[in-house]
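The structure follows.
Order of writing sets the chain letters: A, B, C, D and E. Residues in each chain are counted from 1.
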Amino acid sequence: MLLARVIGNVWSTKKKDEISALRLLFIQPLGKSLKPDGNVLVAADEVGAGFGELVIVTQGSPAMQAFNKDKLVPVDAVVVGIVDNLEMDDDVGGKKK
Amino acid sequence: MLLARVIGNVWSTKKKDEISALRLLFIQPLGKSLKPDGNVLVAADEVGAGFGELVIVTQGSPAMQAFNKDKLVPVDAVVVGIVDNLEMDDDVGGKKK
Amino acid sequence: MLLARVIGNVWSTKKKDEISALRLLFIQPLGKSLKPDGNVLVAADEVGAGFGELVIVTQGSPAMQAFNKDKLVPVDAVVVGIVDNLEMDDDVGGKKK
Amino acid sequence: MLLARVIGNVWSTKKKDEISALRLLFIQPLGKSLKPDGNVLVAADEVGAGFGELVIVTQGSPAMQAFNKDKLVPVDAVVVGIVDNLEMDDDVGGKKK
Amino acid sequence: MLLARVIGNVWSTKKKDEISALRLLFIQPLGKSLKPDGNVLVAADEVGAGFGELVIVTQGSPAMQAFNKDKLVPVDAVVVGIVDNLEMDDDVGGKKK
């Protein structure tokens, strides 16, 4: 999954029926230093994430599993969690501090 | 999903039967400033998008769910919505203005 | 899907049975100016594409749908169409000329 | 799969029920020289990997197969193995030493 | 699929049962000139590829189809063929020599 920041809302009136009830967020993936890293994307929100919040985004086919399983939806990115805390090791080599 | 701009039409006579009825668009993904960002791609249109319109594009396996479910089609990108409005936060750090 | 150019043929004798009957092409993805853009890849040919032709390539799980549906094959890229014509807008901003 | 280093833990209280029991790790993909290469990501841990360990990460739809098959989960990256040893050829051309 | 070179072996004792019987290779994707191009990855071997050999690698969900179909495995990259010969056109524009 991606670690990302919610940077906006996306409104679309003319869209496929299957996604008409979804709230769409504009998302900026983040790198190790929590700085923007990677291309922005549009993700459906399934946890009530707000502007500026740090979130976890699932992409691809697994994203469809975040919705009602009776009907698969054409959605390839979804916010599945809001990050409370991130314990990170500054040493890229990986030794625990 | 990608936020993208419709920049062209793609015509193909000799193609797989499964995609023969689809309208194919040439698409430029956009970054945070709505400037071109990322490689162009060909996407099927399912919402009637026109030249220059800002659209939402679903990629990968979920794209197949935008079509008639009776028969999966070999399509990995589809326009699922036309963007009316985009509310964005200029501050990448994510604080709402 | 990718817009791409056929740049070669790939021959493999020792390969999985499931792909033994497929014709494999070496493919160069193209950007907006139809110049090479993105990493080359190997794709199965399902439309009879030749050297130098401009083609449409479906990737990932949807690629498997281009083949006989009775048995899924381990193929992640397939040529699904040959491009006849490409109507493109030079203005990336997206205004139709 | 990716060869990667575990560089942190990710905690999320508000998240989709389907992933509530998963341990989430912050992961840095590595290149040929085992130096960081590629964007960081969040992966579920299914093998008990610890800080700084060298791991194998499966992405995309196949990642869902690492969990209980009765119910697919919206997870697109999972640690499937801890690397004991890596025998590598310094010569990129590929001649065995 | 990717055209790639086998550059190493990856050993993992502590791993998911589903992949315990697989031979894992360290793989360097190649570009048009057969020079390294793109991030290295770990792929399961299903054709008996050796150090330095030029191979075809299937990624993503289709990779799972290279194994026994009775049980899907959490594997997102697999070597499906060894390349015997590569007929390539030096002219990127695509005219056959």
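FYI, a contact is a pair of C-beta atoms (placed from the backbone, for glycine too) under 8 Å apart; a residue touches a chain by one contact, two chains touch by 3 or more.
All values derive from a computational prediction rather than experimental measurement.
Steps from chain C to chain D, taking the shortest chain of touch contacts, total 2. Rounded to a whole number, the gap between the C-alpha centres of chain A and chain E is 29 angstrom.
Once the centre of each chain is set as its mean CA position, chain A and chain D turn out to be 18 Å apart. Touching two or more other chains at once are residues 60-61, 63-64 of chain B. Interchain contacts close the chains into one ring where each touches exactly two others, per the touch definition above. The chains touch one another to form a ring, and the order obtained by going from chain C toward chain E and onward is C, E, D, A, B. Across the interface of their complex, chain E is touched by residues 5-16, 18-19, 24, 26, 28, 36, 39-43, 50-54, 60-61, 63-64, 72-77 of chain C.
In the complex of the two chains, the chain E residues touching chain C come out as 1-3, 29-32, 37-38, 46-48, 56, 58-66, 69, 78, 80-89, 92-96.
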